[in-house]
Structures are given as structure tokens and as C-alpha cells.
Amino acid sequence: MFMHNKRLMYTVRVAAPDPKLADLILEQFGGPDGELAAAMRYFTQGLAEIDPGRKDLLLDIATEEISHLEVVGSIVTMLNQGVKGQMAEGLEAAQLLANISGGTDSHTTALLYGGGVALTNSAGVPWSAAYVDSRTEPTADLRSNIAAEARAKIIYERLINLCDDPDVKDALGFLMTREIAHQKSFEKALYAIETNFPPGKLPGQAEFTNTYFNMSQGEGDMRGPWNQGEQWDFVEERERQAAVDGGDGSASVKLSRADAAIAKKVAARTMSDPSSDPITGAELGQGAQPS
Amino acid sequence: MFMHNKRLMYTVRVAAPDPKLADLILEQFGGPDGELAAAMRYFTQGLAEIDPGRKDLLLDIATEEISHLEVVGSIVTMLNQGVKGQMAEGLEAAQLLANISGGTDSHTTALLYGGGVALTNSAGVPWSAAYVDSRTEPTADLRSNIAAEARAKIIYERLINLCDDPDVKDALGFLMTREIAHQKSFEKALYAIETNFPPGKLPGQAEFTNTYFNMSQGEGDMRGPWNQGEQWDFVEERERQAAVDGGDGSASVKLSRADAAIAKKVAARTMSDPSSDPITGAELGQGAQPS
Amino acid sequence: MFMHNKRLMYTVRVAAPDPKLADLILEQFGGPDGELAAAMRYFTQGLAEIDPGRKDLLLDIATEEISHLEVVGSIVTMLNQGVKGQMAEGLEAAQLLANISGGTDSHTTALLYGGGVALTNSAGVPWSAAYVDSRTEPTADLRSNIAAEARAKIIYERLINLCDDPDVKDALGFLMTREIAHQKSFEKALYAIETNFPPGKLPGQAEFTNTYFNMSQGEGDMRGPWNQGEQWDFVEERERQAAVDGGDGSASVKLSRADAAIAKKVAARTMSDPSSDPITGAELGQGAQPS
Amino acid sequence: MFMHNKRLMYTVRVAAPDPKLADLILEQFGGPDGELAAAMRYFTQGLAEIDPGRKDLLLDIATEEISHLEVVGSIVTMLNQGVKGQMAEGLEAAQLLANISGGTDSHTTALLYGGGVALTNSAGVPWSAAYVDSRTEPTADLRSNIAAEARAKIIYERLINLCDDPDVKDALGFLMTREIAHQKSFEKALYAIETNFPPGKLPGQAEFTNTYFNMSQGEGDMRGPWNQGEQWDFVEERERQAAVDGGDGSASVKLSRADAAIAKKVAARTMSDPSSDPITGAELGQGAQPS
Amino acid sequence: MFMHNKRLMYTVRVAAPDPKLADLILEQFGGPDGELAAAMRYFTQGLAEIDPGRKDLLLDIATEEISHLEVVGSIVTMLNQGVKGQMAEGLEAAQLLANISGGTDSHTTALLYGGGVALTNSAGVPWSAAYVDSRTEPTADLRSNIAAEARAKIIYERLINLCDDPDVKDALGFLMTREIAHQKSFEKALYAIETNFPPGKLPGQAEFTNTYFNMSQGEGDMRGPWNQGEQWDFVEERERQAAVDGGDGSASVKLSRADAAIAKKVAARTMSDPSSDPITGAELGQGAQPS
Amino acid sequence: MFMHNKRLMYTVRVAAPDPKLADLILEQFGGPDGELAAAMRYFTQGLAEIDPGRKDLLLDIATEEISHLEVVGSIVTMLNQGVKGQMAEGLEAAQLLANISGGTDSHTTALLYGGGVALTNSAGVPWSAAYVDSRTEPTADLRSNIAAEARAKIIYERLINLCDDPDVKDALGFLMTREIAHQKSFEKALYAIETNFPPGKLPGQAEFTNTYFNMSQGEGDMRGPWNQGEQWDFVEERERQAAVDGGDGSASVKLSRADAAIAKKVAARTMSDPSSDPITGAELGQGAQPS
């Protein structure tokens, strides 16, 4: 069960309204690496988790992320406070338009969301559960969590670079720092699984686990620990990259006699005759005089 | 520049059409962890990458993933071959309906996509670029790639568990194995960055980097390396979890006098009077007789 | 700030796994009228709200809805518990396939989400913030909340009709009941605004506020309190329904001379000549012999 | 059957092209509270409705909303008329760029839609049927309609505040007014259902219908008619908010012996060992020297 | 302005309820090639069109498509009539579940939409304006219309193949036939533009207009009128396919000195050192003992 | 199998960074008519195609389009090169904000995607497979391809109009030209099918194939080859447009006795009584004193 305490996890002090900055910060409210995505990622994993240690960890951090969502939303709300009243009461139109349209998507935040806080990213795209990549397998999910924390850290870093209100900067710094701490916890939980690589249960096929296919060739080809050294079998002949199973590289299926007959009929009915030379619509459209 | 060789990277042999299995395998064609998502993740990173080693690595693997997309699509196409002809030529309706609707979303694949191959997941949801989490920062992106390979490995493992055509199983096994190999390469590239943690450039705030907030409490609380040991400051008093900056936990903004006046007007006009006891629509709807 | 207590708001007891029922119940986890939508609707409103009474009310109910989300997710998790293990460890394929594909979209829940709990509706469509219709204006938002509670109540009622596990039915009954209670609170808050109709600040144009246009005519035309009685001006002549402002019903704009000249050029270049009788591609495609 | 009369329902006179205003007004063309959403909401309800009075009402208003869609689309078209020709014929690039990019998303309207009218909101997000919340139950649907009309009224009010072309303002005023009239009709239809609360057929559980859970606590806690008075049971002790059914607040399911055995195996295989203290990837990434 | 006549454009007679067929037919209600997509495609084009002939044509057909939408929706409604009542009143659960879940997505239609008619495709995916490809350029738009009519014709053909209720088949046959007639009209309008190819105004670069690049090579290479004959320059040497402009095929930009310095710093800070051989997280996860 | 050659298909030379232009060009990277949509359209068709000529053609062009995707992505990357470094290293905030927010959605490209290249359109909307309209029927698919090439040509033309860097203009010109060439090939393939109209296999109903319904009437009615001439039966009486099958234009279904009884019960329970005149919530909200 969740409970709410009216004090924020971090005090929010905003020097002055700034709807453009508000719009950018929405990225961490309703964007793909934002706090809702984080909270829902860990919450769905926590619900389905049966390992007691991870279950507790996931619900701890999920709860913290919802609390961060509240901090981010409160920053946005404060930054939009001026425009919110102006939209509700009505200012002189030209003034109002100037206030809401300054080179970001803050116009939509003002118009559709009334200067409130919207579950969209900074381009106005609604949050989608497609951002949540929980798969109910811990060695995959923990890696997804590590990556998600890393991404979220970067977005906060960019926002800090874009912000010049010292108190907001400070709050963003706190939020950024917590992503670092969370990543560390998820790393510990991953490596506390005795064998966590390869993920899941099935082993790979021995002959393809250490192969590196040099698929992109030309000036710029490089070697490094990711494709050189004794563990790697480096394959660059194009011939050895195709049909690596030793077959002919075609796709086939055994059709029933009835299906085969149908397939033949379709093929005949819809053949593009390679020996024809038809007049086309495009040629008519260029003024060709069909004879 | 991309070139195409008509031989598949892995020969596809399907024992018999099976639209239900086809529908499940779509997960790796147009699903969030499928081959298009993988290819586009690495391709977009590769284009923007300036480190020569990583650029080469990303384009190598992106190219291989597109080749895998072709293998997966060819499997699906072969499994749908029967239904495809049947939809085109028309069978007796009851028969046709039985053939396409067997407890998965294969009915949509047959009806809308004609038994071809669709860029949807196994529930018919169209592929979305929201699945691609490239952020143009290598220590975040490489972690995203590692996680994505882990997830894809798991989905192939599940498909293998669901499949009983040995040749298809074999092809799925190859594809699964390559995810393992790719993960290994991305790990090498990540750790070949001298300092890759914390991601990005800004350091965290020292006082919050090693703090663990025990936000979820009660029976089931656990300690483990993710929140115990000397590196962690474990905080469980609720009082110490709120307003961790030492402030009062409220949100505030300094409004101009004009904006403050407007805000006051809005508040007065739209107040929900706490001392009222109004009759409501719901009460009317329950037959209340307002007096 | 949010805190979590490991006890659920309602104890969840499931008699036996049932992935098909799990899939249906996802409607209230990640569907448009589900608990996440409710929680986010009230949470976003609560953040931007300045009226102290409503702010408190919105955060109370938002917090309860997140607690409901946890209850619903726990039901789904329990119902999927069998399939979850089976997917992870691997059963015989035919058996596994039978278990996950029984006429709902549970196949996707098993395959992509591993028998966990997914933020999708019962058709597998990912949750979208497009479901959240907060507009930061209380007389509109409270009506949206009332409507949302009414919809959620109906979906729970349908799920109860579809469920025959008495304990699950009981938990669904609790959740349904809370929607009724919430609707009542939102109704009170709406009617505690002294003038709450029309919503917002601007009055309507007097001449169109009480007009009813009978746009759909023929057998089945009906009168009722929504279009009859002294308050309504009932307009059925088609002539009086068009150009109700008394103008000519056309659309016009004053272009600058330069723009007008450009518009003329485009028109001339792209005219579909009404006096022509061209041969078309379709006619070629039917075997017409153009002369 | 629908018929079309070339005269608009309201004459559209635009003083001068203004692609920025056009972009904002798209909110009511292809946005969530726009005319297409309204039309489709009532149209889908009308089709499935069996009550003759409501069926007629819904089709009347659906038809009017499509006519409004045409008015809104015509306003947008006129406002874009200049840019449309300029994109088609080509101006000097710097001039053209200046014309289409002025702080809203009008650049996309010009580039992708050629200065026509797009079914997107003001941020360029395509219209989605997720906006349509018809549920085929009249006491829920009518409340959704009332709320939708209230939201639409507000968006028109905001657009009027943003507009300084008196004729466009006038047309927007007409459209806003009609939302008021529609809301009144839907209210009449709702209250003309003898018992319309609670929505649907099933009654609530008596013990939870009048309970108010004070989930959010701290400075700012408020009482009002929504949670005080004799009808309400106000619960604020945290203990009484958890496991309100009197159980232990846990989630459980009875697994078959086979499933229980599988679950045990998964748990063992994937345990995060709480007594370990593993070196992690993050530590490697910080330069830790594993020993 | 639109008007509505209560008689359908085509009488709908359904022999018996069939929610599975209803679900399939949704494809033409809320699917990508369905009647709403058609209506909105022509309506948006018609609004922005300035050529009087095409404007009239587009509004004629848009209006007819909305009337078709009503016919399709009425078929679906009738097919769902049984389930709709059963969901509202409540049947015995097992019976109800059997009735709504028969191998298509009809379970969602019953649960979320109450047996009404939903703006989704047959997989439950909500309709999206992304289906509407109007671009406000007639030689492109008319081709899009021709293609859309062709696709819609095919989907109706498949539905007819899947249907065995003769009256429904007949209505579907009418709808299919109208797509043929509409395609013919759009073809006439396209070819009545004197020069309609290439589309738009700018000519192509002469040296690449008639070139065919044989990008996919191997067994299966074919020649036909699309790449042979005197109009085509057939290029198959790989060398002549890359950097066809005669340059070196690289991508470059002139950076300011400041930006160049920054780029250098980023590169140094984030280099993946190709000469390193780091221990990775994956290796730890396999039990490697780092030394 | 795909292979990659590090040389681009067209050399990319950019005179100076320009994030606004980059944002606009994203339209052809991740927009509906962009290169990914093209590549995936032809690739999915090619996989399912059985006609050897078309299969080869589709894979040739799909491969070329992926190569174009790389060219477009490289242009965008070069245009963003300045901002990319600035975001990574951090500039002074005001400067940075000015650099990324100039009246397009480039702020999102900078913030979320770090100045890389994003699979979105110019409004930041993520690419969706809903853009891909492959239906696995060649006479429909080839028309879709023709239309898609025409649309893509137009978007490139508009971008060329918006661009003043001569080298970028040149590259865009090459890409535009290739769309023309591709359209020509697809036209040839379509007309090389002996009978390609009507699409598919089923013929239309003779009585409705040549009918034109004049649905939109009033000033502006036009005749042209699309509705006049001997092939057309022009129907304008409204009476002849409704119920064209000669029935009564109603919708009916034969319900079982049990279902009919249920339907009756629902109707009675939920009737909106036309003879009532209820007080409504809106009236309460206007201060009505219910008696």
C-alpha cells in the first residue's frame, strides 16, 4: 500500500516562472527516461518478482521514483505558475501568445494542459508504456534497469546544463545523483546472482558464441577488444557470412498439395510479366501518346 | 551503403505452415526486443558516433541485425504460406476462419496483412520508434545495448520453448546465440572506456550518492549488498526521507505582482468551498429530493 | 513524498492460476479506465491545483489509486504464476503453447512479459498518457474525474461478471465500490464551487446557448427534455442550420497581393481539367487499348 | 446516411494568414478535445444505442460536431493559405523558413502537410482513437460526454484568449457556445434515467461506499463536503488503511504441485544472494581493481 | 455542413449475432484501410483543396465514406447485439467468458467497449491519424487515394471470403464495389491534370532519373520492364553504386574552431580504447576471477 | 543478407551546423514518408512476394532506401555536430538554450537524443509501423508504392525549398530524383500484371461500379470526367442515395429468445424517459434552486 506525506522529498524553490524551461523538464516527467517510466519499470518488476531481496529492492526504488515524479512535477508546476493564471483569466492576446510560444512546445502545455503538468515529453508526445521494458527475467531486467538509470542520469545532466536557476539546478542535481545510487544498487543485485551471463537458462550454440562478423567494411574498419583477441573468431569473407549454417541460404516450407496448388494459381494470376513492356500511368502523366 | 546478397544469413527450412507460431515469432520482427529495434538502435548510434572503434562496431552489428530481420521475416513468411494463398484465392468461409483464428492474433495477420509479414508484435501492436533508446552518450548507450541484447536473448529462449519444428528451433537458436555474442562485444566496448561510471560527465552530489532510502517497509524488508555494507548509508526513518535537503518540503515560486494578483483571482473564482454541503448530481441520480 | 507499506490495501487470494482471466484483468492495470490512468489523472491535477481542499482530495485519491494498482497487479501476478514458471524453465512445447493461447491475448503476456504484469489493456495495447484528460481547470477536470470513475466502475462490473473465483470477485468488488465512493467525493467538490456551469470563465453567446439543431432526421426522430420544453429553441429546417451567423457559409481569407499571385499559379499548374476525358491507369489495367 | 451541403454551419472570415494561430487551432481539429473526438464519441455511442431518445440525440450532436470539424478545418485552411502556396511554388529559402517556424509546430504543418489541415494536436501528435472513451453504458457514457463538452469549452475559451482576429474570435465563440448547449442536453438525458447512480447495475459493497481514506497526510490536510459530514466514514490511521478486508495484506495463489516445483527451481536458479558482496560492472567502470 | 438521414445507405440484415465476425469487420471501421481513414483522408484534402472540380469530388466521396462508416458500424453493432446485453445484465461467468473469447480479440470489444463498436482494428489497436497520408499536393494525394481505395477493396474481399451470412456478404460486396468506383473517379481526376508526373514542381536530376541500381544480387536476379529496355541505365558494379556523386562517400561538416575543440574533448573523454583488454561485467557474470 | 560498405551512396558535405534544418530533415528519416518507411514497406513486401520479378525489384529498392536512410541520417548528424558536443560538455546555460530552441522541435533532438539522429518526424513524433501499408496483394501494394514515392518526392521538394546550403540541396536533389526513378519502376511492375484493375480477385457488383453519388451539394457542384460521360450513372436525388439496395435502410439482427429478453431488460433499466423534465447537475451548477 502506498501512503503520501505532503512534504516533498526535496524542497522546490523556483526563482521565477519560465514556461520554456518547464517544457524541457517535462522530459523527465512524461518522457521515455523520466520518473514515471522508472517507477513503472520497477513497480511491475517488483510485483512479479519472487526473490525476496530483489522484490524489496524494486519496491523501495519504485516508491522513491514516484516521489521524484512528484518533485519534478512540482518544479514544472512552479515554472508554469504565471502562464497558468494568465490562460485561466485571459490576458491581451498578443501578450499571451508571446508568453506561451518561445521556441519550445510550451504552447501546447499552455493551451491543452492549461499551464499544468502534462505526461508528455518535451516535444508533446504522450507517455507510452512502450517505454517500460520489464520482461520478468532478472538477469535481463536488472540490466535494463542499469541502462535506464544511466540514461536518466544523462538527461538530468543535460537539463542541468540548460538551467540557470541555482535552486532548480540543485534539485535536478539531487535527482541526477539518485540515479547514480540506484544504478549501483541494481548492479549489486545483478552480480549477486551467481551466474548471470548469458541471461536466462538456455546456453548459446557453441559455434556462434565467439564469432564476430565484420559486416561493415571499408575505410574505417577497426579492431578492438570487442572483435580481436583469442576469444574471437573474426569473419570477414562475405562468402562465410552468408548461410552460415552451411545450407543454400534460401527459405523453404513444405506445403500440402492443396496449398501448393493454390499458391500456383495466385502466382499465375498476379505475375508481373518480365517480357512485357507496358505503357504506364506515369507515362500517360508525362504526356506519352499511347499508340 | 548497404548491399544485399540474396542468400540468407541462415537457411530457413520450415516443416509445415503454422500461422499461430508465425504470429508468436512476429515478436522478434516487429516487437520491442525484435530485430528491427536492434538494427535501428545500433544504426542511429553508429551514425552519430565519432569514436572510430565504436562506430565500426555499431555498424557491423546493425548490419547483422538487419540480416537477422530478414531471417526472422523469412521464417514468418514460410509459416504463413498456406494461409496467404487461401486468403488470396478464397476458401470456404468456415474453413478459412478456422485456419486463421486459433487463439493468437493470427487473424489480424491474415486479414490485414494477407498472410505476409507485419511490423507488429505478437499482439498486433505496430512497431514504434519509442522502442529505440539511443541517447548519443556512449556510457549510457552501451549499457542500453547490453540490456537490449539480454532481453532479445530471453525472447528467443521463450520462442524456442514454444516451438517444436526442429529446423525452426535451430534457426531461432542461432539468432539467440548471436545476441550473446553481441552482448559480449558491447561489454568490451563499454569497459574499454577508461572511466565509464557514473555515466556522462557531471559527478553526483556526494551526500546522496551512497544513500539507500528504505521506502517500502513491513514484512519482507531485506538487506543485501545493494543496501548494506560500508558503502551504504541506510535511511529508514520516514522523517529523514522527506525534504532531504533540510528545507520544509514545499514547492514555491516567486511570482511577479501581476501574476500573483491573477493567481488570487483564479483561486477565488474556482474555490471548492469546504464549508458548503451541496446537493450533487450523483444525489439527484439516486433519487434524492433536493429541497 | 510517497511511502510504501508491504501490506496490500486488500488481501489477494487466488484459487488457481488462470492466464486468460489475468489477461482480461489487465484492462484495469494498463487499460484506459484502469488504475494507472486514474492515479495519473488525479496526481497531475493535484500537483497543479492551488485550491487547498481540492489539492488534498486529489492527492488522497491519487494515492489510493496507486494502492489499487498494486492490488490489481498482484491479482494478475498470482493468476499468471503458473505460466511464469513454465516459460522460465521450459515445458514441452505443445503443452506450453496450449497453456498460453486460449482465446485472449495471454500469449503475448506470456511471451513478451514472461507471465509478469504488463502495462497494457486486454488487447495488448500499451498504456498511453493520451488516456489522461487533465486540463488544469477544475470545473472541467472534476467532471472528467466523475466520468472516469463511472467508466471504471463499469469495467469492474463486467470483470466481476466474467470471474468465478469468489475471492478474486470479492477483491474486484472492493475496487468497484471505491470508484463509487470517489465519484461521490468528486461530485461534492464540483458542486462546492459556487458557479460551476458553464465551465471556465467566458459566457456563451446568448443566441446559441439554448438552440437545439435537429441534424439527424427521419424515422426515429424523438423529443425529450434534452430538446423540448421552454428553454430550447428547436431548429429543424435545413436552411436554418447552415450559415447560422447569417453569412453565406463560405470560407475566405484576405491574401496579400503576392500570396494571391502565388495561389493563382498553383491553381493553374495543378488544375484537374473538367472538360478533359483522359485515359487512366485503371483503364490500362483493365486492358483498354489507348488510341 | 450523411449528406453534405456546401455552405458551412458558420461563415469563416479570416483577416490575414497566420500559420502560428492555425497551428494552435489544430488542437480543436485533431486534438483530444477537438471536434473529431467529439463526433466519433457520439457517433459510436449512437450506433450501439438502443434507447430511441438517446440514439436520436447522439446522432443529432454527432452530425453537428462533424459540421463543426468542417468549420474548424476551414479556419485553419484559411490561416495557412499563404504558406500553402509558398511551399508549393518555392520562395527564397530563408524567407520560407522564417514564415513557417515561429515558435509553434507550424513548421511541421507546412513541411509534412503542405499548409493543409492535419489531424494532429498543436504539438503535431496524430489523433488517436484512444481519445474516444465510449463504453456502451449510458450512465457512464453520458457522464463522459458531459465531461468532454466541458473540456472542449475550456480549450475554445483559451483559443479565444489567444486570438485577436475578431471574425475568427466570433466563430470560435460560436463553437464554444455549442459545447455549452450540448452539455445541457447530455445532462438532461442523464437525469432522465430514473436511477443513474451508481452507474451500471451492480451495487457497491456497503462497508466501503461511504469510506474516505485520508491517504495523503501532513500540512495541508483539509476537510470539506467530500470527506466530512455524516455520510462519510473518515479513516486516517495508517493501520486501518492497509488490508482493509481484515486479512494479512499479502498476495497468494494455490499452485499445482508441478507448478510449485517449477517455481522453486526458478527461484533457486535466479536468486540474488543477499549474503554476497560481489564486484560489479559499475565498480570496474570506476576503476576498481578486482582482486 | 453535414446532415444526417436516419436511413442507412445500405440496409443491414444480420442473420444471427457473431462477435468473432464483428471483431474481424472492425478492421474496416477503425483499421488503417477502414472507412474512417478514407473519410478523413478525403475530408482533409477537400478542405484545403482550391481546384473546384477536385474539391467537389473529395467532399462527395468523403461524405459517402462517412455513410459507409455508419453501415459498417451498424453491421458490427448487430453482430454484437447478443453479447452487449449479456455483458450489461450479467450471465453465468463461464458462459459469458465462452461467448466473448473465441480466438479473435472480441474479448476486448466485449469488456472495454461493452459489445458496442470500437474505433480499433481487428487486433484492438486504436485508430490513428497516422493512417491519413494527405499531403496537400494533388498529384501525390490522388495517387495516395487510388492506393487507399485499392487496399480497402482488398480488405473487403478478404472479409467476404471469411463471412457466410449471405446478407452481410451482400452489404460487404456493396462496400467493396464502391471502392472500385471511387478508384475510377480518382484516376480520372489525376489524369485530368495535364502533367502529373513527376509529382510536384521540381524536375529530377537528369543523371539519376533513369538509373536502376541492382542492389540485391545473387540467385534470383531478374530483369523486366522495370529495369531493362532503353530507358534504363542498369548499374550493378558495387563500385558504381557507392558515392555516385563522384566524391569519397564520407560525411563532413565545417565546424567552428570552438565546436571543433569541444568535439575533440568529447572524443578523448569517451574513447573506447582499442588497445585495451578490459574485464567486463559479462565476464564477472560468468564467474571470471578478475586478477 | 545485407552487407555494408563504409562509403555512403552519396557524399555528404555540410557547410555549417544548423540544428533547425536538421530537425526539418528528420521528416525524411523518421517521418511517415521518410526512408525507413520506404525501406520497410518494400522489405516486408519483398519477403512475402512469390513472383520472382517483383521479389527482386522490391529487394533492390528496399536496399537502396536503407542506403538513403544512411545518407539522410548522415546529413542530420553533420548539421547537429555543434550542438552535440555542446550538450555533452556543457556550455553556459543561456547560450546552450538559445542554440537548441529556435522555433522548431530541435530542442527535443538536443535534449533527449543528445544531438544525434532520432527516428522521429520534424514534430518529434516517433516513427510508427502504422506508416507501412503493405497488404501482401500486388495490385494494391504496387499502387501504395507508387503513391508513397510520390509523397516522398514532394517532401524532398519542400525540404529543398527550405534549404540554402548548396551541397545539402544537391544531396536532397539526388534523393528526390531517386523517388521519381523508383515510381517509374513500380509503375512498370504494376502494368506488367495483365489485369491489374480492379485490384484483387473478386469483381464488383455491376449495379454500383459505375455509379457516382453526388453527396455534397450546393454552390460549387462540379462535373468532370470523374462523374460525367457515358460510363457514369450520376445520382443526385437524396432519395436515391439512401438505402440503395431497395430496403428500408434500417439495421436488424435476429436475436435468440433469451438474448431478446435480456435486451428488453437493459432497455427498460436504462431508458432516458422522454416525458420527464429532470433537474440536472448543470442546473445546480448555475445556482438553480431545486424544489
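Going in written order, the chains are labelled A, B, C, D, E and F, and every chain counts its residues from 1.
Going forward, a contact is a pair of C-beta atoms (placed from the backbone, for glycine too) under 8 Å apart; a residue touches a chain by one contact, two chains touch by 3 or more.
Only a predicted model underlies this, so the values are computations on that prediction, with no experimental measurement involved.
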item: Fewest touching-chain hops separating chain A from chain F; value: 1
item: Selected pair, out of D-F, C-F or A-C, that shares over half of its residue contact pairs with A-F; value: D-F
item: Same-site or different-site touching of chain A by its copy chain E, using the half cut; value: same
item: Computed distance of Cα centres, chain E from chain C, in Å; value: 23
item: Euclidean distance of C-alpha centroids - chain E vs chain F, Å; value: 7
item: Set of chain C residues in contact with two or more other chains; value: 1-9, 32-33, 53, 59-60, 62-63, 67, 74, 77, 84, 88-90, 102-103, 105, 112, 114, 120, 123-126, 128, 130, 135, 137, 139, 146, 154-155, 183-184, 187-194, 197, 200-202, 215-216, 220-222, 224-226, 238, 241-242, 249, 263, 266, 272-274, 276, 278-284
item: Touch-based graph of the chains, sorted into line, ring, star, complete or other; value: complete
item: Residues of chain A defined as touching chain B within the complex; value: 5-17, 32-33, 52-53, 55-57, 59-64, 67, 74-75, 77-79, 81-82, 84-86, 88-89, 128, 130-131, 133, 135, 137, 139-140, 143-144, 146-148, 150-151, 153-155, 157, 160, 170-171, 173-174, 176-178, 180-181, 183-186, 188-189, 192, 197-202, 204-205, 208-216, 220-222, 224-227, 231, 238, 241-256, 259, 262-263, 265-266
item: Residue numbers on chain F that touch chain C, as the complex places them; value: 139, 187, 190-191, 193-197, 222-226, 229, 272-278, 281-287
item: Footprint of chain F on chain A - complex, ascending; value: 20, 23-24, 27, 31-33, 102-105, 121-125, 154-155, 158-159, 161-164, 215-221, 238, 241-243, 249, 263, 266-267, 269-274, 276, 278-283
item: Chain A-touching residues of chain F, taken from the complex the two chains share; value: 1-7, 50-51, 53-54, 87, 90-91, 93-94, 96-97, 100-103, 105, 107-108, 110-112, 114, 120, 123-126, 137-139, 146, 183-184, 187-194, 201
item: Contact footprint of chain C on chain A as seen in their complex; value: 1-9, 30, 36, 40, 43-45, 47-48, 59-60, 62-63, 66-67, 69-70, 73-74, 76-77, 80, 84, 88-90, 112-120, 126-130, 132, 134-137, 201-202, 278-281, 284, 290-291
